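First chain A sits with chain B, and in the next complex the same chain sits with chain C.
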Partner chain A sequence: MSESKKLVDKVLDIYPAKVMKNRKSHMVIKDASVKQEIAANTRAIPGIITNRGCAYAGCKGVVIGPIVDMVHIVHGPVGCSYYAWGTRRNKGKAREGGQNFLEYAFTTDMQESDIVFGGEKKLRAAIDEAVELFHPKAISISATCPVGLIGDDIHAIARDKSKEHGLKILAFSCEGYKGVSQSAGHHIANNKLMTDVIGTIDTPAKEFSINLLGEYNIGGDEWEIARVLTKIGYNIISTMTGNGAIDEIANAHKADLNVIQCHRSINYVAEMVETKYGLPWIKVNFIGVEGFSKALRDMAKYFDDPALTARTEAVIAEETTSIEEEMAGYKALLDGKTAVLFVGGSRAHHYQGLLREIGIETIVAGYEFGHRDDYEGRDVIPYIKVDADSRNIEEIHVEKDEKKYSLRIPASRAEQLKKEIPWASYDGLLSEMKDGTLVIDDLNHIETEQIIKILKPEFFGSGIKDKYMVQKMGVYAKQMHSYDYSGPYAGYQGAVNFSRDVAAGILTPAWKYITAPWYKEPLLSGKVEGVEQVC
Partner chain B sequence: MLDETKGLYKKRTGLKINPAKTCQPIGAMYAALGIHKCLPHSHGSQGCCSYHRMHLTRHYRDPIVASTSSFTEGACVFGGKSNLKKGLENVFHIYNPDVVAVNTTCLSETIGDDVGEIIKSTDVPEGKTVIFANTPSYAGSHVTGFSNMCKAMVTHVSEKKEGKKAKGINILPGYVEPSDMMEIKRIATLLNVPFTMFPDTSNVVATPNTGNYSMYPEGGTTIKEIRRAGNAIATVALGSFSSEAAAYELEKKCEVVPYIMKEPIGIKATDAFIMKLLELNGGNMDASLEFERGQLVDVMVDVHNHYHGKKVALFGDPDILIAMTEFVIDLGMIPTLVLTGTPGKAFVAEIQDMFDQAGLAESQVMIEEDLFTFHQLIKASPVDLIIGNTYGKYIARAEQVPLVRMGWPILDRVGHSYFPVVGYKGALRIIEKITTALLDHYDQTCEEEDFELVM
Partner chain C sequence: MIKVIEPNTDNVTIKAVKALMTEIHRDDAKDRNKDRNYVNMQVNPCKMCMPMGGALALKGVKNAMTIIHGSQGCSTYIRRHMAAHYNEPIDIASSSLSEEGTVYGGSKNLKIGFRNLVNMYQPEVVGVLTTCLAETIGDDIERIVREVRDTGEFEGIDIIPIPTPGYGGSQTEGYFDTIKALMAYFVKKPVHVGKVLEEALEPLEPFINIILSDATCEDVREIKRMVELFGVKAIFIPDISDALDAPFTNHYNKLSEEGISREELKKVIYAKATIELGDLVGPNHSPALFLEEEFGVKAYRLPLPIGINNTDCLVHALAEVLDTDIPKALEVERGRLMDGMIDAHKHSATGDIAVFGDMNLVMGIAGLVLENGMHLKLAATGSMSKRFKEQLESKLDQYHQKAEILQDTDYETIREVIQQEGVNLMMGPSDGKFIWEKDHVDFIRVGFPVHDHVGAQRKNLMGYKGSLIFLDEITNHLLDQKHKGYRDRMYQTYYPKKESHKPIQADEAVR
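Coming up: the complex of A and B.
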């Protein structure tokens, strides 16, 4: 029996029968010789200590919150706004002469009387006050759990107030109970960007114009990616949504290519944009030296411009040479170590290449809120059963915009390109894993504890809720959502930053003091001379 | 930094900007962690539980474990009964806690789940305890949630055994750090007071790294101890906002006499706490504590020149602010603004009374307000120092005013879990923090010719 199988059995053994059956379906031991299926994006079991968050966290916290020049009003009791205030590390800057509200949290702070009599009056007042105080370009309203239950019509209010004040107001029904994880909130947020924002401004784009999708500028990732892309000659029209600006997103359809970092949170937007406006998307991975270089080469292939391709190669050569020695140094320190990754709907896949570059092999990986396609690849999408929880999340359908649609690449060349670059394609996390390694969806507290105890990896990449438990067991745990307040980790300089931090985390001298000397060395029996006399 | 904060203060009716409070369940979760082998359980969407665990973990940098009923849309329509029942079954089977402390959320409160009834209809394993507190996020603040969970401990656990002689004293430490709880215990022990303190998070959220993880650390007050609290002579409740509800519940349920005191932060409040313990228990003042007090007074005399007459604005939670306002006045400072997000008119009365006694006619106290207001008022009337939690750092930077981090949460510095602010030692630490902040600021901003070696 393989090590992974023993581990799975041991973990499952803890559970009552029903829970065991459920959790078993979320665990797969990689076997490349067969087509494997994993249960994902299904509801968490009550009582299980899951790491998952809610739809509101996915909508306001992940997708909408990073847009810097909007006032993001959270309609509900105070907590939801409070916890999503400055905690995700999506960095941003005001555009010249523009505004930046990332340092602010806005809430209607609903009270009992608002729950009983409705919170619409308060929300209207909040919008008026926001306009009076800040005159922002746009406002978002995110609904929290009680709002949906008491029936406040945030969409009608958004419409009225938008007319009254003459600015864009986007309302999101992202109540926390919707769907089964943050993922539902990503959908709700992105659908609105698709219907109400993208395509509403038509500033002509320069050559080699792209959008970065599913990149949230955590720790400044987007800035490091943009540094290199700009050097090559790309024009980034918009980023969704790290350091995003509302007018830039409105103009996104003018770009020639969408490049997707986080597949989970935004692939459907890219699909819809292609249908409506004609610009295709490719899946990239900006994490890791090889990943980033491959992304740059794929983008160059798409644009097929000799000068751009030459600049791409020159920049890759220049950038990789400058970090080669340092990366080799980290590899020498970390070679042969193992990692367990449990993060996101993408990062548990994205970081495997970078870890391998510094000698660390990933032996267990899983997503917190991934869907089956994030594990198994996009081919599985037509076969995914939509359950009751997902059916509640609105699906929107778009059609070709006859006025704004333009085919970027002739169909004949597109067919050829699809063979060369990941055009609308993603193979999923399972494709990256070695045979015999373990993939677990929605990893929970007790499973983490067992895995760390049994496998004793040197590196655990996850979030803050499980970080300290793992470190109490003597294993370095790194927050892969917030980067432990470091970064950027994307791109070339990011690879160096990440490797430096991982080396520090694994090699910091503190670990060797966990066991006190009196547990390691035999204690000599004897007594201190003269003690009796003194006493 | 905070470039959009402009204009003069004007009362808002709809919009809170940069709140100076958060919601009830997180306070309830923190209180529940102070029970031995207790797993807090959040009855609502899993996002609430996730946010609360995250924020507590950021503050304590220790594992904060709690389970959730993981509501979906269906649960909202049909009620959360089956989620809670199934949840409890799973929790006892898988995690085997001695106690589960259920807190509600705005979701389960809005749909009207009767948590008490649901628990009653659940098979709780022999020897295990389930308590619950109603903690709707749309009322009060995180302090209210802490208070409600402390009260729930009494309601569901404490008992008065008839015919048994009352003995010992209950100490309710209030919403303070594990280090403070440890210090309160040390003081009571030095005074030979037989006491039960609950909740007690001191060895739950500030645990040592031994290479072994234990889901339930050694600390926390046991259910037996909380049960016995009903047989105590008196309850000393520290911090009216976080502790008086539980103290009054003990009085109502078990006839234990309540004494509501300030948090023992600063010299006067510590004196009062110690005098109360001596009054209740008899005995003499401990010599080592007296020595610490003497050291504190010595330092207050020796370094007063660094802070006396300086203007300070304070924000945070009522109990900490009440004690801290008293202490900064005792240090000769001028608290020009004291602001909390938590509701409670008693707070205004208590702070205003301190202002009046100190002759501070210009000073302002505000409740149910936010940090946008706090910032606008500081812009209008500048201060030398801000005292508050981590969220004050934006204003401190924007206004180039030093910040002393006190209260909850502190997300960007270490120390609060290990070094108390209560007691005489704690007061010394506060003075160290205040003088260091003011002097560091001076050293960084003064002219070179004014930069001095000895200060």
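Coming up: the complex of A and C.
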């Protein structure tokens, strides 16, 4: 019986029958010889200590929050705004002459009376106040749990106030209870970006124009990616949404290619933009040396420009040579170690290549809020059963914009390219896993405990909520959401940073002192000069 | 070689005159009659919500688990913040209320969640906290919990419903209300009355109830040690000392075996007295007053024992309750603090201080600041409390100082006052880091949450010993400010400058 099988049996054994059946469907032992299916994006079991967050976290916290020049007002009681204040470590810089509100948290701080009598008045006044002092380019309003229930019409307020003040005000009905995880919030945010932002500014784009989608500039990731892309000659029209600026996103449709990092959180926009403006997308992975190089080559293939291709190869050669030695050093230190990854809707996949480059094999991986397509690949999308929770999240349908639509690549060449690069396609996490390894969706504490006990990995990549339970068991746990105040981890320099941090974590001498010496060997006692000494 | 002039910027007289002038100037300059720049919008809030305080209190109860009835986000965010501060696993369940639950009521989810939680964790006590969502849809958790109990499935588990709507107050009220709910449950529960009486017949070792807010784990340990010097046991409600600062054992304890046990909670009515440290929440939130009114347990409501004055209050109260002399060891510790205060005085006087965060902690630290002759420029909290303002004003009068006092405020306003008042040292939770980054104001992180430094959970600032450690830290910050480039500063200030004189760069200045 494989280790993975043993683990699954042991974990499931803890649960009562009904829970067992549910959790079993969220676990798959990779077997490349068959088409495998995993349950995902279904309701978390109440009381099970899930690591998932809420729709508000996905909308304001993940997708909308990182846009630097917007005032993001959280309409609700104080906690929601406070808890999402700067905790994701999405970095951003003001554009020249522009503003940066990332260090701020704005909230209407609803009180009991606002819940009883409605919070619309307060929200209107808060918008006025925001405009008066900050003069932002745009404002977002994110709804928290009570807002939808008490019937505050944030969309009407956004419309009125937008007219009154002459600026973009985007309202998001991302009440925490919507959907089954933060994933619902991504979708809600994507919809609004599509209907109200993208396509509202038409500045002509230069050659090799791209958008970076699903890149949130955690710990400066986007800056390292942009450094290399700019060096090659790409023009980044917009990033959604790390270090993003609202006017740049409004102009995104003018680019020639969308490159998608986090598939889960932004694929809705990518698809809708393709339908409406003819702008195609490819799936990339900017994490890891090989991952990044492959992404650069795929992008060059798309543009099919000899000079660009040559520059791409030159930059890849230059960059990889400069880090080769250091990466080899980390590999020598870490070779043969094993990892468990439980993070996000894409990172559990993205980091496997980088870990492999430094000799660490991923033996268990899973997403917190991924869907089946993030595991099994996009081919499965037509077969995913839409349940009530997903149906409650609005699915918007866009049509071809006759004026602004243009095919970037002739249809015939597009067909050829689709065979060569991941054009509108994503194979999912399962494709990356080796046979016999384990994939678990929506991992919880009790399962994590068993994984650590049975598989004894050296590296556990997850979030801060499970970090300390893992470390209490003597295993290094790294925060893969916020990078433990480090980064960037993307791109070439990021690969070095990550490897350095992982080596420091796994190899810290502290782990050697876990067991007190008197438990390892008998106490040495003897008489020295008439005094009994114990050492 | 240029002669170095001895520094005298720390001259107390000059400082005092300067301070007086600032005060006069301030009185003239403005009359701030509101606590925030913006009435309807909080810009960088200086408070959290009630379930956060509730979750913290329940972490100090032995073999207890918490389930938060609401969206997953509430539980997740609270766990995230507590884990970042305490660097400990924070297991808190959620009823994972979904859209369906908001329409048909959350009873089903809560019941399923409760059952799963009990199966996996086998707790003795389960605190059920509500949220904005649960309260807005009007879920009656009292009823739901009663129905859960009535199934008879969970014999032996104490299930306690605790209303903590996020809009009902700050984490401080959530903390005290949860303690009160725990007490009300354990001392009132009819099925236990017989048992309690039986136990009461056995001679009980004398003990004192201590309710301590805004304390670090080390503070709890320190106050416990102080009380025990009186030869009496202290029951801390809750006791987070070891639960949230657990030693490494190579083992993950799903349930904390540390903290106050339910057996102890049942006995609180037999205490010699209840001493509630942190006295700013309204009387209706006070667990000590509840015990006094309902069961006649004498209540003392005192400020947090930070600084000599506030610690004296605690020691006095203990001596009064126990009708005993002050232990020699404490007198020695007080003497040592006194000695340290005198040593620090001239440096203390260079401090222009801002304190922000939880109201009780701000009040305690303000006491230490004032009694050491530092200049309190700003005391600010996000909680709403008239008592905070009143008590602080009377304290300021006592020391002939004036300071900006803000309640129900936000960090944007705090930052503005810090800039206006020329504050040179701030104390408060990590959220002050934005002011530290932008305006380079020296910053000591204290309170909750501290997520960008380590060790906040084992910092000690309470009791005589803790106050001295804390005072030393403050003094050293002020000293470092002076030492940093003071030669150059002296030179620039006192050396006669000629028109043609080329300004000297800091690093080529005198060594």
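Throughout what follows, the second predicted complex is superposed on the first by the 523 of 535 C-alpha atoms of A that agree within 3 Å, B and C clash if a C-alpha of one lies under 4 Å from a C-alpha of the other, contacts with A are read in each partner's own complex, and residues count from 1 in each chain.
Basically, a contact is a pair of C-beta atoms (placed from the backbone, for glycine too) under 8 Å apart; a residue touches a chain by one contact, two chains touch by 3 or more.
Fair warning: this is a prediction, and the values are worked out from it, not measured in the lab.
Asks: For the combined arrangement obtained by superposing on chain A, do chain B and chain C clash, or do they fit?
Replies: Aligned on chain A, chain B and chain C clash with each other.
Asks: With the two complexes superposed on chain A, say which partner A:I514 touches: chain B (first), chain C (second), both, or neither.
Replies: A:I514: touches chain B and chain C.
Asks: Touching A:V380 in the superposition: chain B (first), chain C (second), both, neither?
Replies: Once the two structures are laid over each other on A, A:V380 reaches no partner at all.
Asks: Scan A:A126 for contacts with chain B and chain C and give back first, second, both or neither.
Replies: Both partners, chain B and chain C.
Asks: Thinking of the overlay built on chain A, is A:L333 touched by chain B (first), by chain C (second), by both, or by neither?
Replies: A:L333 contacts neither chain B nor chain C.
Asks: Once the shared chain is lined up, is A:H445 touching chain B (first), chain C (second), both, or neither of them?
Replies: Both: A:H445 reaches chain B and chain C.
Asks: So, does A:L417 touch the first partner chain B, the second partner chain C, both, or neither?
Replies: Touch status of A:L417: no partner.
Asks: Which chain A residues are contacted by chain C in one complex and by chain B in the other?
Replies: Of chain A, residues 14-16, 19, 43-57, 73, 76-85, 87, 103-112, 114-115, 122-123, 125-126, 128-130, 133, 144-146, 149-150, 176-181, 388-389, 392, 445-446, 449, 463-470, 472-474, 514-515 contact chain B in one complex and chain C in the other.
Asks: What residues on chain A touch chain B, complex-wise?
Replies: Listed in rising order, the residues are 14-16, 19, 43-57, 73, 76-85, 87, 94, 99-101, 103-112, 114-115, 121-130, 133-134, 144-146, 148-150, 176-181, 388-389, 392, 445-446, 449, 463-474, 514-515.
Asks: Using the touch definition up top, name the residues of chain B that touch chain A in the complex.
Replies: Answer in residue numbers: 1-4, 6-7, 12-19, 21-23, 25-26, 41, 44-48, 50-55, 57-58, 61-76, 83-84, 86-91, 93-95, 105-107, 110-111, 136-139, 141, 207, 209-213, 215, 341, 372, 394.
Asks: Taking the touch rule as given, give the residues of chain C at its contact with chain A in the complex, in rising order.
Replies: Within the complex, chain C contacts chain A at residues 37-45, 47-49, 51-52, 67, 70-74, 76-81, 83-84, 87-102, 109-110, 112-117, 119-120, 131-133, 135-137, 165-168, 170, 246, 248-254, 382, 412, 431, 434, 438, 452.
Asks: Quick check: in the complex, which residue numbers of chain A touch chain C?
Replies: Within the complex, chain A touches chain C at residues 14-16, 19, 43-57, 73, 76-85, 87, 103-112, 114-115, 122-123, 125-126, 128-130, 133, 144-146, 149-150, 175-182, 388-389, 392, 445-446, 449, 452, 463-470, 472-474, 485, 514-515.
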